[in-house]
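Following this message is one structure expressed as structure tokens.
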Amino acid sequence: MIITLNDTIMKEEKIQLDFAEKLDFETKNKQIPENPAVTISNLNVWASKHHILKNVELKIPKNKITVLLGPSGCGKTTLLKSLNRLTDLDKELYVSGNIFINDEEILHAKKDIPEIRRKMGLLSQKPYPLPVSIYKNMTYGFKLKGIRDKKLINYNVELRLKEVGLWEEVKDRLHSSPDKLSIGQQQRLCLARGLTVKPHIILADEPTSALDPTSSKIIEDLFKKMKNQYTIIVVTHVLRQAHRLADNVVFMSDGEIFEQGSPNKLFKNPETQELKKYLVDGN
Amino acid sequence: MRLKRLLYNRFGEIWMLSAITIILLFPLVIGIALFIKSDSIVSSYSLAELLFSSEWLPSEGKFGFLPFIISSIYVTILAFAFSVPICLLTAIYLSEYAPKRLTVFMQTVIDILAGIPSVVYGMWGILVIVPFVGETLAPMFGVKSHGYSILSGGMVLAVMCIPYILSMLIETFKTVPNGLKEASLSMGATRWETIKHSILKKGRPGIISAFGLGLAKAFGETLAVMMVVGNVVNITANPFDSGYPLPALIANNYGEMLSIPMYDSALMFAAFLLLIVILFINLFFRYFIYKSQKI
Amino acid sequence: MRKIRKIEEKFFKIISQLATYSLVAILGYIIFVIFKNGFSSLSWEMVSEIPSGGYYYGGDGGVLNAIIGSLYIALGATLIAIIIGVPAALFINSHLMQRKRSQNTIRYILDALWGIPSIVYGAFGFTLMIYLGLSASLLAGILTVSFLITPIVIRSFDDVLSTIPRGLYEASFSLGSTRTETAVKVLLKQGFSGFITAVLLAFGRGIGDAASVLFTAGYTDNLPGNLDEPAATLPLAIFFQLGSPIPEVRQRAYAAAAILTLIILIISLSSRFVSRKYQKKALKF
């Protein structure tokens, strides 16, 4: 009797071990880096009858820049927005599957959605400064949290603005409207604003598409510098930008992921027809 | 063939041009006509006397518009106070929370509310609001009232203004970019905090204008108010008392105005006053909207 | 802190939802009150006969005079509004296409005109009527109401026209059409649903407005036979009969109000229907 029980336990352990080995093998085979910060499994999104995302499986590595690449309308923005549940806003969207952020399921979590969103800073295609002063934009996160400690707040405002290289440019006009800043400056302000709530992940949806080349370069350089502290996910349809930025490229088309891996591998040896075609058209 | 085409073009152009000219000159023509008609009273009395005297005895030649002006303002302010919270909350709900089907349905509701004639609102007011004010509200506050009162006028007017203000508010909220909401939400704000701190701030010029234009609309509304407000000339702070707004004054006395000297001129002056005030408010707030949309 | 935020979120969601549904309730309540009171005294006699001698003391008769008068006035005024309003709206969107500034100024003035209350139009119509030596009549009523609804026709038609893509005009120009031809052939055709909704909206406003016809159309128990005869109108029929001390007469006001509300409901629902149907068609292009 005792022996049988022991046997069962042994068996279970063995099964678990097998499973782990298999998983390990798969991981090695697909060359997905370890320590995924975000794990997406079987994600499907429909907009009424239109199937926008189809069975998306994806692991996004920590402290790397992952670029979601693909033609417009392929669902990359939807993928990005399902990460911080902005898909909730659109009542027409139906979302199924699982998304884990550091092993915490967020897609079906009933609890504090604002708290989930705080973990991810969002940078949109166009800068959207709130209709208040630069300073109040920067303190918005603290206001929401109910933090009133002036010293702490001011320290953070300065810190974050320095982080994006905007401090010297705006320190004398903190209390004026951000409308007077250039688009590039506004975009950096929005980035700095997002950083004040200490996100782990930065979601950037074609963050440079409205910017001039100089401002774009500043943003790109910032991303490269920031990846030590944040996991960065950038949506783009520009091949060159993917080249310049990515540690890890995910190529999507028509709601499906076709290929992923290092930019060198993907751009030099594309495996699927879709990516080959995109590379040819893109250049 | 060519001649025919030429004529067709010429004729079409002349027609269009004259139509647009007529319509653009229209406010000016109305203003001038009413001004000329009110000239005899304006030249016989000082403006201050007309606007700030409270004596209204046309048969003795006393024309003080103050009671009417105050009644108008009072009714308008009450209507404003009742309709603003409902409009704002409904507009917020429809643009931020409601499913699309409800929004479409509510559009129909708003359209119908806007289409119901003034006189029907007035009748509804007589059947519902007047007894409610007279028999329920007044005793609750320990006042005697027959229900035909400034309060009733304000309540009926509020219902009439709702579709008007509401559709302008919905338009305003539509212009707030989605990205702004997303920016606020991704900072960890709740839906309401996003509305409070970004949408209401961003939409402020539009919201203020919607309210302003709503005020103008309420100020000029005639029949429905006149049917429930009691039409008694007095200056009162008690909303359960009757009042006599300017439009009601004009509408009520069209019969006698030709038999008493200067009475018609006095009524035309009242119409001129209404025109100027409402036109000014309209021009001001529409300019405000226009300016704010440009930025 | 977190708890307060959650409560705040819930609270405002619920009260804004309540406000929305309260609007539906108000509309339902108004229609219920009007129809409940109206249909109980509505009879075939009400809509098919003119008032008889003792009508205003509770005698026989109906409000056919007012129904016909209102229809005449609304139809006549709508016709004038179309004659002036449609070319004006076309002009804004064809000849002034490249002049954004003039377009905006004109729209600005029209919007302001839309805001002028009907009592002012009524007073102006009255002044004009005296000036022209007319007396209160069908014609004066039609003219006054047309002043009121022309800005409505222009602005609501213009709203639809302004959404027609520019490429369409340019294609028409490049085929050799003049601006006028483009306006008529392209705009009128493409914006037809807007035309219909504008007309229905204006007609609805015209048939329901009382303050503008109060001074100008007069009132009569007979059917209006001529433009220079006075004409009764439904809103005024309701208004006058409501003021009567005799309950039977007031009952008739309720019935007349039910008729008027029914007409307005049919107009607004059909204009919804038209605009939605055409919208679907336009999408297929």
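A, B and C are the chain letters, set down in written order, and residue numbers restart from 1 in every chain.
Note that in this section contacts are C-beta pairs under 8 Å (C-beta built on N, C-alpha and C of every residue); 3 or more make two chains touch, one makes a residue touch a chain.
In this text the structure is predicted, and so the values were computed from the model without any measurement.
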From chain A, which chain is the farthest off, judged by mean CA positions? C
Report which of B-C and A-B is connected by more C-beta pairs in contact. B-C
How big is the gap, in whole Å, between where the Cα atoms of chain A centre and where those of chain C centre? 53
Per the C-alpha means, the centres of chain B and chain C lie apart by a whole-Å value of 17
With centres defined as the mean C-alpha position, give me the chain A-chain B separation in Å. 50
At least two other chains touched by the same residue of chain B: list those residues. 190, 193
Which parts of chain C, given as residue numbers and ranges, touch two or more other chains? 5
Junction residues of chain A, two or more chains touched: 114, 145
Touching chain C in the complex, chain B uses residues 8-9, 12-13, 15-17, 19-20, 22-24, 26-27, 30, 33-34, 37, 85-86, 89-90, 92-94, 97-98, 102, 106, 108-113, 115-124, 126-128, 159, 162, 166, 190-193, 195, 213, 216-217, 219-223, 227, 247, 250-251, 254, 267-268, 271, 274-275, 278-279, 281-283, 286-287, 290
Residue numbers on chain C that touch chain B, as the complex places them: 5-6, 8-9, 12-13, 15-20, 22-24, 26-27, 29-30, 33-34, 37, 83-85, 87-88, 90-92, 95, 104, 106, 108-113, 115-124, 126-128, 131, 147, 150-151, 154, 178-181, 183-184, 204-205, 207-211, 214-215, 235-236, 238-239, 242, 253-254, 257, 260-261, 264-265, 267-269, 271-272
Of all residues in chain B, those that touch chain A in their complex: 99-100, 177-190, 193, 197-198, 201-202, 204, 295
If you look only at chain A, which of its residues touch chain B in the complex? 81, 84, 86, 89, 91-92, 114-115, 117-118, 120-122, 124-126, 128, 130-132, 140-141, 143-145, 179, 190, 193-194, 196-197, 203
